[in-house]
Structure formats: C-alpha cells, structure tokens
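Next up: the structures, one after another.
Two complexes follow with chain A in common, the first pairing it with chain B and the second with chain C.
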Partner chain A sequence: MNKKLIDEIITTFKNTKCQMIENKRLIINTKKDIIHPLLKYLKDKEFTRLALISCVDWINDNEFEIIYILTSYLLEHEKSEINVIVKTRIARDKPQIKSIIPIFENAEFYEREICEMFGVHFEGHPRLISLFLEIKYDIPPFRKDFILREFCENTFDKIPPVGDEK
Partner chain B sequence: MDRNNIKHWLKNPAKMAHKYSLTVTYFCTGCGIIEIPPTITARWDAERFGVTPGASPRHANLFLITGYVSLKTLKAIIRSYEQMPDPKFVVAFGSCPINGGMYWDSYNTIKSLDKYIPVDGWIAGCMPRPETIFIGVTHLWTLIDKEMADGYKKYKKNYKFYRKNQEMLYGKLDWEPFYPIGGDNE
Partner chain C sequence: MRETILNFGPQHLGMVGNFSITLSVDGDKVIKAIASPGYLHRGFEKLMENRTWAQNFPLVCRINVIEPDSMEMVYAMGVEKLGKIEVPERAQFIRSIYLELARVASHLFGAWAYANMLGFDTVAQWAMYHRDLILDLFEELTGARVYHIYINPGGVRRDFPKGFKEKIIKTLHTIGGCIPDYNDTFFDNRIFYKRAQNVGKLSRESALLYGAVGQVIRAVGIPYDIRKVEPYAAYDKVDFGIPVRDGGDALSRILIVRDEMIESVHMIFKLLDMMPEGEVWNRPPNPFKWNIPQGEAYVRVESARGELGLYMVSNGTDKPYRVHFRTPSFNHGLYILEKVLEGENIADVGNIMMSLYVVAPEIDR
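Presenting the complex of A and B:
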C-alpha cells in the first residue's frame, strides 16, 4: 500500500523525492509550484486533515523551508498508518508562496502565524494580519538574524523605572 | 490574631478590614497559576489568612500576578488594575515579573513589571511554594499597618510616568488615560 502510493506520487509529479522514515512518516520534497496539485491529490487519497504548517529558516542556504504535515482520519484497519510530510523550499530574499486555504481551510491561522513570525507572504490569503504579536518588529522575530539580546536592550531595558518624584 | 491588639485595631478599623479580608484576583498569566488551586483549597486553605478568590477585579483588592507577562497580557493587566477599587495591592509571584526570569531575552515578554504598574510585594522563586503566598500576605499585613503598601497612591501621583512607559512600549494606547495627565493628582 505504501509503496504503491510512493510510486504513484513519483510518476504523477515531476521533481519530487520521497523518503520513508521508520515506516511511519513519508517525507516528500518538492518544488513550490507543485504544492497545490500535490496537496489536492493527497487530500483525495485519504489524508484529509492538515495537522500543521511549519517553517524553518535555513540562513546559510538563504532559504525558508515550508512544511505541511497531513494525517488521515480513517479507521485503523482502513488507513495506511503513515503521516505525510510535504516539504518545499523558497527563496529567503523575497519569500512568497501560494496560500493553501482553497484546499485546507484551517491553514488560515498557521499561515498567519508564519507570516508574522518569519515574514513569509502567502498569496491569496484573505486577511494576513497579526495573530499573536502586539508591537511591530523590524525583523520578524523567528528569523535567525533576529538578535534577541540586542532587541531586549533596545526596547525593554531602555524604559526607565518610575521613581518617586518629589 | 492577638486579643491584646484590639486597642490597636480600634484606632483604625478600616485598616484592619483591609488587612484581614484580602479578596484576590488571580491573574493567570503563566505557570504560576498551578500553585493557586492547592492554595485556595483544603490542603493549604488560604481562607485562614482571609484570602479569598474574587469573582472579578472590580470586587478585589489584591492583584496576584502569577508568572511571566507577555506584551498582550500586560495590556489586560493594566486595564484590570485600573478597574480595581482603592485600596489595591499588587503582588508579583515568581521570578518572571521581577526581572524576566527564564524569559530574560525573550522578544515578547516584559522584564520588570514595576515599570508599568506599581508593585507592593515580590515573591521570588521559580516556582514559589504555596506557603510563600502566606508569607507574602503576612508581610503585606505589616506593610498595610505601616502604610507602606501605597502603590495605588504612587500610581495616581506618578501616573504621567507610568502612562509614558506604557506608551513607550506600545506606541499609542487604545484607551483613555485613567487619571488626568498634567493635572495635580495629589
């Protein structure tokens, strides 16, 4: 069952690499424009649930890696017992990727979080506004070139204590 | 409670009432709230000290901030603090509100709470045990007796500076000043 799935993915989508880890996780490395048809294909198969969208900052390669994790809602004996992890890399200078809200609606909040923390722009997202953060940051705070200590010194430590003015 | 102190209480009954009926708003900002259920229930029984949980900040006079304070929570803390009736006391619980604790270089956690609202007492530790709340409360009694727990008066007096600090952090605040700025707040 799993082998059949891997063969189908490799034959239908070009430029994809599949890798199986511990017979539990199927990792698919692909290009950014194949993400949409690939996720649609996987959703039609059995992986109907988007568990997580994550992002990694590979600063030495000058790239962001966007990761989609899909799981299945089928019963134990029906499903293939694997989670699918779809990975793609985008350029770090002008990070842009198509939003997957048309396929998985719950992607909205994950995409908002990644936009806020890494500064990745999701094209076609209806409301790409701040989710957690309260103030504006020059560099999005989860990027590797955001220096925490320097930021704290410039914002929190500069605020003077309130003394007794007499 | 010492019966010999009755004379002392009768001098200022209001002070005694403040001391022995502290109604608390537990502000569940972080991990410190884990220590609160055993404190207010049978194991440690905070009611022995007159400490009871309050339903809303408008009914409370002790504000216990348990845990780290993120930028979003600080807004809620300021607004809840301003709603509390006088006299009000603030106790910061845990090392995070004191100097940041383990969040000392976090991008989204404020480092010292007393730059934004006045704090009357600190309970250090990560985590402090429930007994420390009672030690803190008994210390607060002595402070109230000596009229040293006057954070709410300081807030009124130095409101200009507190508001300035709050605005330094957030830019523009989306609520009106609580006290008139520039006027004499004595």
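Presenting the complex of A and C:
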C-alpha cells in the first residue's frame, strides 16, 4: 500500500524524490511550483490534517527550506502512523512561495509566523501581519545571520546603567 | 447597530494567562475576534540553536508552564531518534507513569482555571490542592516541583525511590476518592450545565477542517489519540480507553478532561503492576563532546492538550540546527478560537477559551 502510494507520487509529479523512513515518515522533496497540486493530491489520499509548517534557513546553500507536515485522522489504519513531510527549497534573496490557505485553512497562522520570523512572503495570504513581535527587525530574528550576542550588545549595552543618566 | 472594540486581556478578569483577544462587539454579542498573542514570546527555538543538546533540557520544559513533562518527553524522543539511543524497558514504564501523573496534574490545573472562570471557587481550590499532592510526588522523585528535567535521552535521571510506588497509589486514591465530590459540586451541577451546554459549539465537519486535536476532536466523537495512533513509551503495552463525547461544545470538552483524568489514574495502577525490573538510564556520551549525526526527525506525543510535535534538524554538530515545536494550543488558541468565538456572548469568551484548553506560553514559545 505504501509502496503503491510512493510509486504513484513519483509517476504523477516530476522532479519529486520520495523516501520512507521506518514506515512512519514519508519525506517528499519537490519543486516550489508542484507544492499546490501535490498537497491537493495528498489531501485526497486521506492526509487531511496539516500538522505544521516549518522553515529551515540553510545559509550556506543560500536557500530556505519550507516544510509541510501532513497527517491523517484515520484510526487503526496503515496510513494513520504516517506523517508526510513535504519539503521544498526557495531562494534566500527573494523568498516567495504561494500560500496554501486554499487547501488547508489552518495554514494561516503557521504562515504568518514564518513570514515574521524568516521574512518569507506568502503570496495570496489575506493578512500577513506581525504575530508575536512588537517591532520590525532589519534581519528577521530566526534567520541564521541574526546573531543573538551581537544583537544584545548593540541593543542592551547602549542603555546607560541606572544613575549614569545625567 | 453600533460596533465597539473591546480588548479582552491581557489585563482582564476573564483571562487566564498572558494572552489577548481583540473583540468587535455589538451589545454583548461578539461579531469578530482577533487573537493577539506575543506577550510570552521568548524565542526558545532560537535560543536552543545556541545551546548544546543536553543544555536544552532546562529550556524545553519552560515552554509550557502547566505541563512541562510532555515537552521534555518530545525533545528526548527527538534526540533519541537522531542520536539512535536505545531506552531500557523499565525507563519506558517510568516515563509513562510520570507522563500520566503529569497529565492528571495538568487536568487538575485546567479544572482550577475553568472552575475559577465560572465562579466555582471552592472546586478550584480543591483542584489546586490535589495538584499540589502530585507536585509533592514529583518533588520526591526529581527534586523539583514544576520544572523537573527528569526525562533524559536514554531513559530517566533516577529510579523510583524506596516506597514511592505506595505513595503514588495512596495519593491517587486520595484524589480518586474526591471525584464524587467534584461531580456533586461541579460536573453534575445545573449551573455548570447552563453555562457550558451549547456554548462554543464546533461541528464535526469544521473540527476536521480546522485540524483540531486533543479534547477538541474527541468532543466531536473521534477517538483520535497519539498514544493509540503512534504509541510511544509503554503505551502499546497497557490497555486504556479514550473518552469520547459528541456534543462538540464546552461541556463535552470539560467532561472529557474529567474522564481522561479518571482513565489516567486507572492506567497508572495498571502500569505500576506491570513494571519490570532493570536499568533506567542508558547514559549518553559526554554531553560536552556529544555530536549528533546529520538528519531530521518529526516526533509527536499526546500532551494533555493534544498532539505535541517536534520537528528537529541536526547538521552533525553539538547543537541542534533547527527545532520547531508543533504545540496544540497554537492551532486551538489562534485559528479555532477566532472561529468559535464569532456569535458568542462576551460573558462566555473566557469560558470558551478555557474549554479549548488554551495555554498562552505554548502559543508564543
């Protein structure tokens, strides 16, 4: 069953690599423009719940990796243990990807978080405004080139100690 | 019709935790709700990238104040998966017992918050007292009351002390013996029914569409539980039920919390009987020189609120390259809360928020 699913994905979608780990995690590497049809296809195959959207900053490759994790609501079924991890890489200079809200409604806040923390723009998102942070940083804070110690020294060391204010 | 903006929280009597909802109201009807989190954002995921694998344990448990143990568990599972560490069988049983105790403590805390919200202060104090009894157990076992740092990669930090099993049984009997009192004053109370029935209703279809987990999905009649779907620790060796109701309202969700508490107590008794002898900790290598091979993992556990996941990437060094927690409250407290609040009364906002079991530190991380 799982093998059939993998074969079907590879034949239907070009430029796609599939890897099954311990019969529980199906990792699919694909191109940016295949994400929409692929997620729609997986949704039809009972992987109806979006568990997480994550992002990894591969600064040495000058790329971001966007990760979609899907699971199913099935119980006591061979698909129930599987988490599908769909991964795609986008350029780091102008990070842009299509929003998946038309397919999974609850993607809204996950995408907002990634936009805020990594500066990835999601096309077609209805309210891509800040979620957690109060101010806008020059470099989005979860990127690898945002160095915590440097930021602390620049921000907090400039505040004069109490009593030195005059 | 006159639309008014009402800031519900972070300084509001009906709000538990540092969280805020901006409500557009007409009279006392909520037209639109906008969740605005961020008061507890501490950037844990970024901090963890700058610390070694072992140093991260005191950090992860601080992500969720109410139930730190599932956080430890999910992080330990991720490290074990990437570092390929085996866990002894006795440690798996101890982990399960410990996690179930934590679930009972968390549900009692939840009962405190919910009862407090509805004005049942007596019940709230009982729940707090009973939670304290479990914290005493934790203190004896781990040395700390709230943040235990007990689960380590490769097992647990120490074995049960002498006579600890009897103490667990005694404490659970005390708590279990008070369930009828809880029922009389709170769970079977007519005022509670009036406040909770048909409030914050979520239909089966929309719960599936919004990706609900935990009590929210079990309140619409789907027994979805990670402990059954993808068993971890010793959950595949013990027999337990999953309480399900089909109201989809605040009442169903809170009654499921109570039923789960009772189920957990029964499960702990069973696990205590089945516990094998042996080692409890396969010590990992020296934590200062511990490099974990390159790779990625997605692990998940059933916390008290639903599926808690962790996506973790290692690039072969002594620090994680990226960690991302999938907390149940993130989806429940932001997306589902906004949807459910539309059309409800202002008086029920805190009630609905607590029935979705939203914990603010878990959203912000």
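One rule holds for everything that comes next: the second predicted complex is superposed on the first by the 158 of 166 C-alpha atoms of A that agree within 3 Å, B and C clash if a C-alpha of one lies under 4 Å from a C-alpha of the other, contacts with A are read in each partner's own complex, and residues count from 1 in each chain.
Keep in mind that, in the parts below, contacts are C-beta pairs under 8 Å (C-beta built on N, C-alpha and C of every residue); 3 or more make two chains touch, one makes a residue touch a chain.
In this text the structure is predicted, and so the values were computed from the model without any measurement.
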TODO: Could you let me know whether more residues of chain A are touched by chain B or by chain C?
DONE: C
- [ ] Have a look at where A:Ile129 lands relative to chain B and chain C in the superposition and call it first, second, both or neither.
- [x] neither
- [ ] Have a look at where A:Thr155 lands relative to chain B and chain C in the superposition and call it first, second, both or neither.
- [x] first
- [ ] In the overlay, answer first, second, both or neither for which of chain B and chain C A:Arg49 touches.
- [x] second
Open item on the list: Let me test your reading of the model: by the given contact rule, A:Asn106 touches which partner, first (chain B), second (chain C), both or neither?
Closed with: second
- [ ] Examine A:Tyr137 and indicate which partner it touches, taking first as chain B and second as chain C; both and neither are also allowed.
- [x] first
Open item on the list: Counting contacts the way the document defines them, which residues of chain A are shared by the two interfaces, the one with chain B and the one with chain C?
Closed with: 132-134, 141, 146, 148
- [ ] Sort out for me which residues of chain A touch chain B in the complex.
- [x] 132-137, 141, 146, 148-149, 151-152, 155-162, 164-165
Task: chain A residues touching chain C - in the complex, by the definition given at the top - done: 24-25, 27, 48-52, 54, 56-57, 67, 69, 73, 75-76, 80-81, 83, 85, 104-106, 108-110, 131-134, 141-142, 146, 148
Open item on the list: Touching residues of chain B toward chain A in the complex: what are they?
Closed with: 70-72, 75, 100, 104-108, 110-112, 114-115, 118, 154, 157-158, 161-162, 165, 168-171
Task: Residues on chain C engaged by chain A in the complex (per definition of touch) - done: 37-38, 41, 43, 45-47, 50, 208-211, 217, 222-224, 228-230, 296-298, 300, 307, 309, 311, 313, 321-322, 324, 326, 330-331, 334-336, 364
